[in-house]
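In what follows, a single structure is set out as structure tokens and then discussed.
Chains here go by letter, A, B, C, D and E, matching the order in which they are written, and residues are numbered from 1 within each.
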Amino acid sequence: MSSRKHKIERKNLGTSPGTLQYIGLPLDNQIKITRIDFTLEGHQKKIIQNYSEASPSTTGITWLNIDGIHKPEVIAEIGRLYQLHPLMQEDILNTLQKPKFEFFGENTLFIVLKWLEYNPHTREVEPEHVALVLGPSWVLSFQEERSRDIFEVIRKRIEAGAGKTRQNGADYLLYALADVVVDQYFRVLDCVEENLDRLEEALFKNAEQKHLEEIYTVKRELGVMRKVVTPLREITLSLSREAPLNGQSLISANTEIYLRDLYDHINQVNETVELYRDQMTSLMDLYNSTISNRLNNVMKVLTIISVIFMPLTFVAGIYGMNFEYMPELHWRYGYPFAMGLMAVMVVIMLLWFRRKHWL
Amino acid sequence: MSSRKHKIERKNLGTSPGTLQYIGLPLDNQIKITRIDFTLEGHQKKIIQNYSEASPSTTGITWLNIDGIHKPEVIAEIGRLYQLHPLMQEDILNTLQKPKFEFFGENTLFIVLKWLEYNPHTREVEPEHVALVLGPSWVLSFQEERSRDIFEVIRKRIEAGAGKTRQNGADYLLYALADVVVDQYFRVLDCVEENLDRLEEALFKNAEQKHLEEIYTVKRELGVMRKVVTPLREITLSLSREAPLNGQSLISANTEIYLRDLYDHINQVNETVELYRDQMTSLMDLYNSTISNRLNNVMKVLTIISVIFMPLTFVAGIYGMNFEYMPELHWRYGYPFAMGLMAVMVVIMLLWFRRKHWL
Amino acid sequence: MSSRKHKIERKNLGTSPGTLQYIGLPLDNQIKITRIDFTLEGHQKKIIQNYSEASPSTTGITWLNIDGIHKPEVIAEIGRLYQLHPLMQEDILNTLQKPKFEFFGENTLFIVLKWLEYNPHTREVEPEHVALVLGPSWVLSFQEERSRDIFEVIRKRIEAGAGKTRQNGADYLLYALADVVVDQYFRVLDCVEENLDRLEEALFKNAEQKHLEEIYTVKRELGVMRKVVTPLREITLSLSREAPLNGQSLISANTEIYLRDLYDHINQVNETVELYRDQMTSLMDLYNSTISNRLNNVMKVLTIISVIFMPLTFVAGIYGMNFEYMPELHWRYGYPFAMGLMAVMVVIMLLWFRRKHWL
Amino acid sequence: MSSRKHKIERKNLGTSPGTLQYIGLPLDNQIKITRIDFTLEGHQKKIIQNYSEASPSTTGITWLNIDGIHKPEVIAEIGRLYQLHPLMQEDILNTLQKPKFEFFGENTLFIVLKWLEYNPHTREVEPEHVALVLGPSWVLSFQEERSRDIFEVIRKRIEAGAGKTRQNGADYLLYALADVVVDQYFRVLDCVEENLDRLEEALFKNAEQKHLEEIYTVKRELGVMRKVVTPLREITLSLSREAPLNGQSLISANTEIYLRDLYDHINQVNETVELYRDQMTSLMDLYNSTISNRLNNVMKVLTIISVIFMPLTFVAGIYGMNFEYMPELHWRYGYPFAMGLMAVMVVIMLLWFRRKHWL
Amino acid sequence: MSSRKHKIERKNLGTSPGTLQYIGLPLDNQIKITRIDFTLEGHQKKIIQNYSEASPSTTGITWLNIDGIHKPEVIAEIGRLYQLHPLMQEDILNTLQKPKFEFFGENTLFIVLKWLEYNPHTREVEPEHVALVLGPSWVLSFQEERSRDIFEVIRKRIEAGAGKTRQNGADYLLYALADVVVDQYFRVLDCVEENLDRLEEALFKNAEQKHLEEIYTVKRELGVMRKVVTPLREITLSLSREAPLNGQSLISANTEIYLRDLYDHINQVNETVELYRDQMTSLMDLYNSTISNRLNNVMKVLTIISVIFMPLTFVAGIYGMNFEYMPELHWRYGYPFAMGLMAVMVVIMLLWFRRKHWL
């Protein structure tokens, strides 16, 4: 298990549902709230210090990015401004919450995702909690304040006026944010694949115990990835299918095509994870077979040596006996005879081994 | 298998269906019935001594908690008061009944759950039978009288007036009771995860037979958990989906959101159980590979020793023979020659092993 | 494979479909036909000698139990009286027919079940063929005449007037008969579970070859059970769901609740079979790991002994050589020196083994 | 792989779809076309020499059986007479085509099946290509001309006027032909089961390498069977369900009951194949466990022998040393002392082995 | 992993969706665009040098084949002429995109396929990216410019006027192109099967480590094939089913029959891939069992030799001791006695081995 997960205590067990509590890594940084308002014509960026500045704009599209979710009071304040359901707020604060999507009424769509970061030192895939809320003309994005602001790239795109983000509505922005998260999965998969290739090559050369432990680790991390990616598939599929039914005002037909594309990417991630898991199992089998193969070879060497030297040593033992009346000992050619006998035995053994294809 | 289960006899096999019989651990304690009536304004708690006090109230919401189900006559009496179907009463009394839900008519919803308790001594997950019945303005909760009153926390919440329990209807109370049971699953999973982590660490250090037996036990307990949790998933999904169709008067749209949240939690439990089962299998594989790896190393040591000493001992045996005419024995430098021969043989062996990457 | 199955020949391969032929164990007993007519007020029981007595009654409900199906002419006669479809008659006579249900027209429902008997001597689960036919006001039950009359218990219930059988229609009687068969599955599972527990305990103590063969046998028997139980699940589900659509006149809403209960039981049997199969696989894995663990220990003992004694024997061999000029042999302290040398070697070996955690 | 399959070349890859080419074993026999026209009253059989005789009759039902499909021109001629779609003709000629069914328009139903023959010499299951076409009042049956005319039995039934074939329409004839093919599956399964029983018994007695190869072969053949039988299930299910919708004029309600029966049989074949595959896997596991068990026993013998004799040989080696000053050698009771020492060592070893439960 | 895949960098991660970038092997050849216009009466072929020549024709059917996709500007130009959606253009340029189909509006159908080429040197299956776009009266085909023009065969068919291509619409051309790709799968499968047969035969003769690695490689390649073929199944099924609903003007009823045939072929490829994967697993098991079997035999030889010679050597050691008072040494028949004793021991050992069925 990731050591990180262990530090997270499920404090809220036993409390009334909907009670706001942060469940995650203990953090104490400042929470940074960035607001961008944009229309086709222009955009305005602001670091928010005061909650009164956070309320949704009446013209254009508002994107509020909350970088840090470890302070329940901040989430509660945002929740009050945007009228978020208590259960939604609870899920935003719970970094153990798995990916999901939910419509709250006809005007609010809530999505939980996981950003993945590959840690090359521990060789672990570390998930970070991301929550997105889509309203009629606003998008809220919540992220754990850990590595960095993962949505920086989108902000730059909006500022540059490039891309389609500014030409489209809030629903396209939601898609763009999710797309950033999914693109990261490909990068993590590339790291995993590199590991896999390295392991494969190493195993074909020389199978060692440490490879075994690496296979186990990679497999476990793929299990973690699967747990994160699989629900996403269902989410995007449902979004692109059900959207026009449940949230006509939320998701436009234009964005739907992009959601289908996103679904496609997630599907590809998912299948690659499965393919790699399959290959890890095959690698494990290969490892085991290689080991038993090698054992076989070791035992052959031992057996050949024993089969050759045991009879020889026995013959030497015979003529090492101290009986008074042993005619051979007094023969002139006793010694050469004994040596010849041994040589004949060795030849017979070798022929026998050859016939058994051991040599 | 849990030793507990063995003491439970399926006494009712062969009797007419619907005949009331307690199937469970033999118990003889007093059955404790607690009644709470509450409205938005206030609440009233009472330990019931007389069945006449148990009938549903006409104003507000009545919650009857029956702590102990080992006396069929008590269940029958409650069943008469609340008009419970004979098959429902049979299921309340049967601690071997697996989780399920069923609508009886349009006014009664029946749910069977399992409370889980992790026993750190036997390392077993022990299920306790819980049955919930939802009527138009009342909730009945039945539990085995074993460890403690598991719904105490809800009673306290109602008494404190805190939380949403008192502000919502009987359906929300039903949800709150089920939520308490599901929260406990996370606690049990945490115990299992601790075991898993400990095992994993131990295996990476030193694989022993006892780990094998622990892996087996954990896997078995995860199997038991799965059997308990899997049907729950279907139950909550059906409730949140079908509820507005079959029991309009029973479950309100407001509670539906909470049921979806509950479904989400159960899903998470379920997936974690599967993830752990997968990991137990991987651990087992790791264990096996480690053992055969180790066997390989043991055999290498044996083989190296044999390959080196067998020829040496043979040479010593040669010169231990008692032939009269053995020229070497009488040479001045026979002894150093023999020792030198042996040294050369050792060097050759060592070089050969090095080339085979055994050293 | 059950030895029983082998005696059954598929005689009818190649004949025209619907040709009546008994396919089963060769039997020659008398076929016993018991008829019970009952209404709410009373009942009448009769052993039938003459087919004219077997025709359905016009008042009340008729239950005809045919104990023995090895005579095609008897089935044909009953089939004529109750207008059973030729294919239905063929299935009644075929003890290899797997469980199924089928509506013939709107007035006849045909069910094939398997009664299971656990044979403690061969440790095999032996299926017996049971066929039930439900008409508007009659029920026919066919059973192989082997162990005993398995529906005796229902007959007693009807005679006692107890239970609900007499208060309900023919459809409830059908349910009651099926319930008797399913209850038996729990008993067989209890036998299997006893076996499993015994095996588990034995394996933790001492894994032997015979346990392996027992695991294999239990697994095979669980496979047989699964083949018998799985289709039943579908059958009862379809019955409780489709019944009101296809056979309104056959199955009443009241009986439907009981059918759902039956479905529930079958589901429980099914899941338990799967759980046990899983555990057998885990036990097999445990067995294998235990064996390779033990092999490892055996090899360690062999290796330790060899590593210690081979060098010692070599040293003894050195000083057993007969060279004339071996200075050590003539030293005063040559012997203690050699013995000391050996002791030092032993100590080094032991330290090395300790460092390798082999001791 | 079946050696047969290798001789079949996919000649048509790259040609335009619908081009007629025979894909199968090279054959050069005469193609035999048998025509039977029958009504309820009578029947007429004819070996056809001239294509003009092959055209469908206007009264009664025509069954044309083409025994041999290796001449595309013959199929093309029949196709012209009966207006068969080019793709249908292509599939009739392709012996590698897997089982399928397809409606061409509303008047023609096309079915591809595989006749199976168990070859006791190679222990392989050999598939033969069978194609059936059902028109409004005619049936065409195509079969590879290899072993024999597999539909001879139906022809005899028609000639005898027995059975229901002549009383029913062309759809019943189609069912009867398919039934003959499915019945054969049971015979093949009986051969496989015999093999399985023999293997099982042999493994319990004495596991050998050859059993391993037999298990592999049986498993492979079951894989081939599954590939042939699985699509059939879907076919018959679709036929009995969709028939009244798509081909009202083709399949009568009466025949539907028989199709459901056929579905049932195929299902039984399918489940038995799966059961046997499962058992082959279990047998493989049993084999492997038996082998490692045996290895364990072999190693125990080796270890016991080594542990006993190595120390003894060492003691003998000690007193075989030639030191001048070895007091024991000159004791009067040195020899008995040494022998006694050895005896004591043996006893200690034996006690130790007993404590370890090795003896 | 295929070494090829590694050279492909996912350059577009992080860029705005719909940005045109080539993702694939670095190539620098000229892109070759071939245009064919054809009607029932005639056809016209042209190598296009200028984009103005590439616009769709107003009469007859236009097929534009773009051989080479490594220049985004070319794709963009074609996209402008035929009004292709930006996401479609992105997928055409991405050689890592998995197979899929998508309707863009009612007039455009987009399909991504993979051409497979078996590389006999690396024993790897190398996928090539193919994209097809169907418009009302035109078809675009994009292919990686690597091995050769894979659609050459279709062009020849059109030029020859043979086959049905010219008699049917653009939808039939689309089918014909896809059919060429699927036919290639059979050829690749034949290569895999040859490998499989060779491996099987080799394993039955003599299992070696290199076979293990080959099994692993074949299994991995089958995994790659599955990833390519599985989505195709869904694609053709959806096309033949949904086509008349979503794209009435695009796909005619006539072409539908051909699409079902294509679905059938893909299904067959898919099942064969699964069958082979299953057999690879069985082969792996066979390999492992063979190895442990062989180990067993090696150990038996070692044990027999040790059990026979250790006691003999011990006896020889006894009489090699130098005690002064050893009566046997001075007996006249001491030597023959010792030799006889050894002979008796050997006979006893041999009898014991025989009883254990080791000889």
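The criterion applied here is as follows: a contact is a pair of C-beta atoms (placed from the backbone, for glycine too) under 8 Å apart; a residue touches a chain by one contact, two chains touch by 3 or more.
According to UniProt, the chain labels map to these proteins: A, B, C, D, E = Magnesium transport protein CorA.
On a predicted model such as this, the values are computed, not experimentally measured, just so you know.
Separating the CA-averaged centres of chain B and chain C is a span of 26 Å.
Between the CA-based centres of chain B and chain E the separation comes to 41 Å, rounded to the whole angstrom. The set of chain A residues touching two or more other chains comprises 288, 292, 295, 299, 302, 306, 310, 313, 317, 320-322, 326. Interchain contacts close the chains into one ring where each touches exactly two others, per the touch definition above. The ring of touching chains, read from chain C in the direction of chain D, comes out as C, D, E, A, B. Note for the complex: chain B touches chain C at residues 1, 6, 10, 13-14, 16-19, 85, 87, 97-98, 100, 102, 104, 206, 209, 212-213, 216, 219-220, 223, 227, 284, 287-288, 291-292, 294-295, 298-299, 301-302, 305-306, 309-310, 312-313, 316-317, 319-322, 326, 328-335, 338-339. Chain contact summary for the complex, chain E toward chain D: residues 153, 157, 162-165, 176, 179-180, 183-184, 186-187, 190, 193, 196-197, 200, 204, 257-258, 260-261, 264, 267-268, 271, 275, 278-279, 282-283, 285-286, 288-290, 292-293, 295-296, 299-300, 302-303, 306-307, 310-311, 313-314, 317-318, 320-326, 357.
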